[in-house]
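Structures for review follow.
Heads up, the next two complexes both have subunit A, just with different partners, subunit B and then subunit C.
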Partner chain A sequence: MLLEVKNLTTEFKVKNGTVRAVNNLSFGVNEGEILAIVGESGSGKSVTSLSIMGLLSDNGKVASGEILYRGEDLLKKSEDEMRAIKGDKISMIFQEPMTSLNPVYRVKDQIMESILTHNPKMDKKEALKHTVDMLRTVGIPSPEERAEDYPHQMSGGMRQRVMIAMALSCQPDLLIADEPTTALDVTIQAQILELLYEMREKFKMSVMLITHDLGVVAEAADRVVVMYCGEIVESADVKALFEKPMHPYTLGLLKSIPRLEDESTDPLYMIRGMVPNPLHMPQGCPFSDRCDRCMDICRKKKPELRPVGDHLVRCFLYENGEETK
Partner chain B sequence: MEENKEIAETSSITVGLEEKPESIWKSVWDSLKKNKAAMISLVFIIILVLVAVITAIFPGVLPHDPYEQNLAKSFAFPNAQYWFGTDQLGRDIFSRILVGTRVSLSVGVIAVAVSLTCGVLLGSIAGYLGGKVDTIIMRLMDIMLSIPSILLAIAFMAALGQGIDKAIIAISLVSIPEYARIVRGEILSVKQNDYVQAAKVIGDKNSRIVFHHVLPNVMSSIIVRATLGISSAILDASALGFLGLGVQPPMAEWGDMLGRARNYILSAPYAMIFPGLAISLSVLAFNLLGDGLRDALDPKSRQN
Partner chain C sequence: MSEEVLLDVQHLKKYFVVEKNFFGQPTSLLKAVDDVSFQIKKGEAFGLVGESGCGKSTIGKMIVDLYTPTDGKIIFNGTDLSALSKKDRRKYCKDIQLIFQDPYASLNPRMTIGDIIAEPILTNHLRPKNEVEKRVEELLNCVGLSGSYRNRYPYEFSGGQRQRVGIARALAVEPKLIVCDEPVSALDVSIQAQVLNLLDDLKEEFNLTYLFIAHGLNVVKHISDRVGVMYLGKLMEIAPKGELYHNPLNPYTQALLSAIPSVDPNNRKKRIVLEGDVPSPIDPPAGCRFCSRCFKRMDGCESFDSILREVSPNHHVACKLYEQAGPGEAEHDKKEA
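Presenting the complex of A and B:
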């Protein structure tokens, strides 16, 4: 296992108390796999990635747990050791390609910076050559010329390609992609996903793909983790998940995707209610208030994550290892 | 598929292809050129600089010795020999104004350089690190800002003693908070940008992030503030000179000349008018240039 997150709990201090954004979260990323983390806004998926990268804002901190990268706990590493890992072994791309490049530097300078930071002995010419190679690899036409561009001269899709080139320039083992396609239009989304897929093959890396778009998941991922309120509610291989979603939340998410072939005039299904206020979590299952199949026990006790078939599910419906009708 | 990709990309990048990557400074210069007031100011400032440098290197070009007293000729009305007249000691006002350029400009530039460096450093540290460091630095700056700057400068002068070097220190000290505040504010907003996160992701050190990624994005407001800062430093220096706290006699300084001619305002107004004009015009020139730079550096106005 390349990356193993064990019982990760991340908390934020806010005005009225402490918010637990990620609660006792455990999952792993295997070598060469694309793991998708799905959930709506506020489910803790971005906080998970920021915790791994050590990029939490000042009011947030990892309260407990371990983040094992090749068996070494990243949380115990010093700042210098983390800097050596970031960008070299673990890289990250962000949601907003429009703002993730520094407007005052040429594209080549920004990619070269990443290369030179981790290979201080490399001379500039070589780094530039590598930069142009990377730009070509991520599918930027006439990379020699585009390398001289400033970010504002590129489109969103091009910038996201540059970000990917930058993230991959040191050939990391793990790429964390935090909603890499959300800010792009649909045709470009497909291209970027395709590119991530290709790059995974080419560089033999693992990808942790964070998204709220189940279409993206179905297209790109090998395995899926569905998060709700900072916890995993279901996890399974992508096929198993889409064939037989188990948790009512996963079911709800899948049902609320509009379908072209759907001829009926019924309004689109939606999960009722809102994500509960993290300062006032329900006593039992955090999803109980919004669940169509809520039972008495759901309001009193919190279910555990347990294996059901080839899934892991956190729901009382599957208490006996199979669905209670 | 491949073709679609091409089309999708070329359509969105045609703009980029037509205008070859051009440096930001060139486009700033282009838009500054269109601003007449700023260009006239720039020319005026260049003349000031030339005057300051030339009179320092070749004092011979001055029409008269600015320090030579001739009581017999005191308060001569402006004429062909003494273009701006003479002062109470019979010294040529024109020559003294020319020589004074050096003092005023160097006070302006040095004071701004010193306060800018300190202000940018303090502001960056406060803005980037945040937390307690931020609170301590910024409250200190607030305390300094709560006292009128000229009053504070006078207080510093009282503590440090007289002299132009001390005036520079005093003026530098009192303008640090302004820079610190501006830089801190800008850094607070710039550091939220994803490219700062991206820099952290590629493993950059804090110091490199601040100086390499954050500060260049704050540069435009710093440049504008610094240009305007030169004018206020010139004004402050003149005010100190007027109060007799600046240069030591017989050195020529505009504010000092103004202050010494004050008693004779009714009988010899030209002894005040010309140094006053020199101060106002220089300050005006730096202000207009600063305004022009602000417009030129503003990306919104630059595009059209």
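Presenting the complex of A and C:
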């Protein structure tokens, strides 16, 4: 296992108390796989990735848990040690290609910076050659000329390609992609997903794909973790998850996507209500207020994540290892 | 849905001036909307789809009078709005309302929800002052919010709830046509379904007509009766939704449909992945606007005039592939004249 997150809890201090954005989260990323983390806003999926990269804002901190990269705990590393890992072994691409590039530096300088930081012995000429090669690999036409561009001269799709080129320039083992296609148009989204897939094959890396779009998950992932209110509610192989979603939340998410094949004019299925306020979580299962199959016990006790068939599910419906009808 | 046409958009154009010369004459134009014509019938929901920069929002803004058209007509209920004076045009603002994309930016943070919804009622003198409060509560209930929320401020609400407030504000003046400009794209999946269902219900309840603008074909599918696909300021295809989704004719529509990720991991389809980016609307390609990215490009596309032709009943396509289908709309107009 390349990356193993064990009992991770991340908290943020806010004005009215402490918000637990990620609660006792455990999962792993295997070598060469694409793991998708799915959830809506506020489910803690981005905080998970920021915790791994050590990029939490000042009011946030990892309260407990371990993040093991090849067996070493990243949380115990010093800042210098982390700096050597970030961008070299683990790199990240962000949602907003518009804001995550520096507007006052040329594209080539930004990519070269990360190459030169991690390969101090390389000379500039060589780094530039590598930069142009990377831009070509991610499908930017006439890369020699585009390398001289500033970010504002490029379109959103192009900038996301530059971000990917930068992230892959040191050939990381793990790429964390935080909503890489959310800000892009559908036809460009298709291009970028295709590119991520190709790059995974080419560089033999693992990808942690964070998204709210189950369509993107079905297209790209090998394994899926579904998060709700900072916890895993279900995790399974991608085929198993889409064939037989078990947790009512996963089921609801899948049903509420407008489908192209659907010909009926019936109202769309909807999950009622909304995500609870993190400062006032319900006592029992966090999803209980919105669940169609809520039982008495759901409001009193919190369910545990337990294996059911080839899934891991956190729901009282599967208390006995199979679905209670 | 009746046969009566509520909104008739004819040869609508909007050019933005990018550069001027010394004498103030434009030297470079951004053609955001370039000769677009379509009709919306009473009680219909018309979907307008396209990628960023295709001009779909510009059309919406011209219809609600946030932009003045460069050329062309917007005929609403038999009246040509673009020919009216500013003062007369204003009277129609009440009939055509807009729901905005971003529920975080479209509500005044310093006004309570109640004041936000009451404002259009008071401006238009729709109710006597003492009945306004009751009307606001009624409207809040219509969109699924409790009437007691009227003294709260926008920051106390989630994105989905704010979008409901935006909808209530649009409904407050009892409009005939609502332009929905990407009303769900800023919302979470589970909330999207709630808002789409709400819009669907309100359409029935208040006899509304929608112009529904979106960037993905899957969202529009559920709510619209007919769909128009735009690319770089031009309409590429208009068809009833069943027809469009089962038998897309324009290669761009085919690519857009194919780009939607399927929700079945066993069916990872071979997608049509378009090359390159949308060209800049400042110097759009000559001829068919899509020809620089088209996978069915052939000789003559560079000089093809993108005119919608009726290929089968109610199915209009602008593409060189279907040139033989019959005379284009422009030629039709000439004959009538």
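The rule is short, and it goes like this: the second predicted complex is superposed on the first by the 325 of 325 C-alpha atoms of A that agree within 3 Å, B and C clash if a C-alpha of one lies under 4 Å from a C-alpha of the other, contacts with A are read in each partner's own complex, and residues count from 1 in each chain.
Quick note on the criterion: a contact is a pair of C-beta atoms (placed from the backbone, for glycine too) under 8 Å apart; a residue touches a chain by one contact, two chains touch by 3 or more.
Just so you know, these numbers come straight off a predicted model, no measurement behind them.
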Partner chain in contact with A:T187 - subunit B first, subunit C second, else both or neither: both
Contacts of A:E148 with subunit B and subunit C, given as first, second, both or neither: first
First, second, both or neither for A:S206, with subunit B first and subunit C second: neither
First, second, both or neither for A:T99, with subunit B first and subunit C second: first
First (subunit B), second (subunit C), both or neither touched by A:G157: both
Subunit B versus subunit C as contact partner of A:F242, first or second or both or neither: second
Which of subunit B and subunit C A:S46 touches, first, second, both or neither: neither
Subunit B versus subunit C as contact partner of A:P258, first or second or both or neither: second
Common ground on subunit A, meaning residues reached by subunit C in one complex and by subunit B in the other: 141, 155, 157-158, 187-188, 191
Sites on subunit A touched by subunit B in the complex: 53, 55, 58, 82-88, 91-92, 94-96, 99-106, 110, 113-114, 117-118, 139, 141, 148-150, 153-155, 157-158, 163, 166-167, 187-188, 191
Residue ranges of subunit A in contact with subunit C within the complex: 40-41, 141, 155-158, 185-191, 193-194, 212-216, 218-219, 221, 238-239, 242-243, 252-254, 256-260, 262-263, 267-272, 274-275
Contact footprint of subunit A on subunit B as seen in their complex: 4-6, 8-10, 12-13, 15-16, 19, 21, 24, 130-131, 193-195, 197-205, 212-213, 216-217, 219
Subunit A-facing residues of subunit C, complex: 51-52, 158-161, 188-194, 196-197, 200-201, 215-219, 221-222, 242, 245, 255-266, 268, 271, 273-274, 276-278
